[in-house]
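Here it is, the structure in full.
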Amino acid sequence: MSEFREAFEFIFRNGEVPGYPGLPSLAHLTLETLKVGAIGVAIAIVLAAPLGIWLGHIHRGSFFTINIGNVGRALPSLAVLAIGDAFFGLGLGVVEVALVILAFAPIVTNCYLGIVEVDPELVDAARGMGMGEWEILRRVELPLAVPLIFAGIRTASLFVISTATIASLAGFSGTLGDVIANETSYHFSGVLGAAICVAALALAVEGVLALVQRALTPRGVKLERAARKMDLAESLAV
Amino acid sequence: MTRRRWKHAMGLVLALATVLALAACGSSKSSTTNTTAATSGKPAVAIGAKNFAEENILGQLYTQALKAKGFNVSLTENIGSSEIIWKALKANRIQMYPEYTGTLLSAVAEQPTPPKSEQAAYEEAKAFAEKEGFTLTEKTPFYDSNALATLPAFAKAHSLTGIEDLKPLGKSLKLGGPPEFATREEGLPGLEKVYGVKPTFKPVAIESTYPALEGGQVQVQNVFTTDGQLLGNKFVVLKDPKHVFGFQNVAPVVSKKVLEQQGPEFEATLNNVSKLLTIPAIQQMNKAVSVEKQSPAAVAGEFLKANGLA
Amino acid sequence: MTGQLAAAGPVIPDFSQHSSSCAVHNHLFCADWVKANWGPVLWPALRQHVVLTAIAIAIGFAIAMALALFAHRHSWAVQPTLLVTTFLYTIPSLALFELLVAPVGANIYAAEIALVSYTLLILFRNILTGLASVPQEVLDAAEGMGMSRRQALIRVELPLALPSIIAGLRIAVVTIIALATIVYTIYNRGLGVPIHNALGEGPFKTELIVAGGMAILLALLADAALVGLQRVLTPWSRAREAS
């Protein structure tokens, strides 16, 4: 379709629109989207991961972590941004708060599940060997929990990139959503082009995180997962 | 699991499904604002409106007036920008929508040379539409162009009546507008070329248009001639004798075939509505919708009733 | 033509008699505005939102179930299906809606295709996981009792897979309700419409809070309802469900 061709031309022009000099380039907007998203995910990891991991280690708080997963998902991001806008106006702070709320849920849930699912016999054995709680966490539980923890981070990153673009619908400027929300200036070819960029960004982030995950996963875990037809625990962690 | 639980569960699911199905049927019937009351067996006409308040008001005005005369019409609001709605028109998903003459020429026809007068804009737009199988019925008295507004005190202090009076202020003038104002011909470049005005530009988001002006963050602000906020004497609109902001009267773009099929009363009804739309009328309606948060449908209905068209 | 009428001019009614000073001053919650606009604006948006979600879940569930049953029998299909559904899920929602407008048009089909795509991954994974988690001994016992494969599926495997299936439905319903708030960008339906209108005007706090609040409540209520359904259908399952 000609629309897709025009969209790709738009991308190759780095987002220039004839007659509108001075618009931010596509590359810049993509980077900004990445930055806004990264801040949100980073803050969420700092807040959620330790909580989830610790709760998993002491085998408490399953109701909380599992249900907060769904509450976080249940909050339609546009609605959250809209209400935040009504009360506080729409600055980077409000947007980041919305992103952190969104990213918190999958991270805390998956960190919890990852640690909790570790074979209790292994943990007992480690305790029997005289390892301290911290050591057990570091040398036994965390390495085995890497797949699930990363599944959580990947899910969170996906949510966050989507929502960062939606923030433009609410009036926050600086991300690729600006193009998607501003059809009058960019025309449909521009909107489509930006949409393709967002999808590409999400896939790229997915890919990088998958590589990092592979690097951090201990060899034994990799072999074990390959032997199973489908990783049950990981598939449950959407 | 016991059979009883299954039965209960299936019952619940069935009940839910029935409720949802009813809601779906109910919504699909009322989502097309169609009362096929006194139709004369003519084919239905789908009217569209772009995605901002004034367009929705216009759409409601024409739709309700036509319905009052017994035509079988429906309105789809918030379709999108000129590009999108024109595509919908060409794909025959809608057969009519209200368009601004200047925008039709610049955004759809992509005509490089701007028209020289209000009438020329209308006629050139009409000529383009007719080449594509459509036509324009009569245009409205009102035009919704860009304009520059300022506070009365500022206007008095610098003896401002028209845009050319801004030239001596040079860079000391703080001028606000949406970001695209900086690059559009009907914006900073045009102001410089036509009037020699070179201010300091401050990008202002659309919803902050009037607060920025009132709060003093800008001294002159880009507004639209039909904004409801311009009623009363709170703001002074600077005259644009050289027409840097073009001509933007509204005229319904209608498929020629539809006009033939529906008969002369269809076009007459459209024109009767268009005649009434002066700038004060549209401003009052815009104010009711934008400032007082009334719905376009209600506002349009009241206006038509007051003028004997509904 | 217009010469004679120009003198008379139109009659402009006094709209301000309907205005509420609360709305004009943009207070957080204007009950009179809500009452006046519930019928024409807010209730239709809510209803449309529920319908959009229901259609997406119904179609998505049917497709995911078919895919899962197939992949359950033919395990080579698992990876390809997972790949496609994951890819669809990865595309950010706003992007997917816009991408579909080019081929399909800005209508309900584009909206529903996008929404259904997002349900597929969640439901496919969860249904398949549920089926796959049925212990082999139970299947053997069913075979021993003389059940055919189909009988075993309907009377043994699916009931045992229910916790996982409903967990998937929970996630899917809640996700779609959230995504449906963005449908307005291509199709003028759903709670996103009043939210968008309110954001453009000001922002108009009452409408934002009511429409946004309804979207959130809808999601939370749907989630709670499905949890209730799960308790009713599977009293034996522990709180530790798939999430």
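The chains carry the letters A, B and C, assigned in the order they are written, with residues numbered from 1 in each.
Simple rule for what comes next: a contact is a pair of C-beta atoms (placed from the backbone, for glycine too) under 8 Å apart; a residue touches a chain by one contact, two chains touch by 3 or more.
Just so it is clear, the model here is predicted, and its values are computed rather than measured.
If you draw each protein chain as a dot and join the dots that touch, every dot ends up joined to every other dot. Between B-C and A-B, more C-beta contact pairs are found at B-C. Annotation: 20 Å between the Cα-based centres of chain A and chain C. Chain B and chain C have centres, each the mean of its CA atoms, that are 31 Å apart. For the pair chain A and chain B, the distance between C-alpha centroids works out to 39 Å.
Shown for chain C are the residues in touch with two or more other chains, namely 203. Contact of a single residue of chain A with at least two other chains is seen at positions 171, 188. Residue numbers of chain B whose C-beta contacts span two or more other chains: 80, 84, 207. Chain contact summary for the complex, chain A toward chain C: residues 1, 3-4, 62-63, 66-67, 69-71, 73-80, 82-83, 85-87, 109, 113, 158, 161-162, 165-166, 169-171, 177, 180-181, 188, 191-192, 194-196, 198-199, 202-203, 206, 229-230, 232, 235-238. Looking at the complex, you find that chain C touches chain A at residues 28, 75, 78, 87, 89-96, 98-99, 101-103, 121-122, 125-126, 128-129, 132-133, 164, 167, 170-171, 174-175, 177-182, 185, 191-192, 195-196, 198-199, 203, 205, 208-209, 211-213, 215-216, 219-220, 222-223, 239-243. Residue ranges of chain A in contact with chain B, taken from their complex: 19-23, 171, 183-185, 187-188. Residues of chain B touching chain C in their complex: 1, 5, 8-9, 12, 17, 20, 23-24, 26-27, 30-31, 52-53, 76-80, 84, 88, 91, 93, 141, 206-207, 275-278, 280-281, 284-285, 287-288, 290-295, 297-299, 302-303, 305-307.
The residues of chain B lying in touch with chain A in their complex are 80-84, 180, 182-185, 205, 207.
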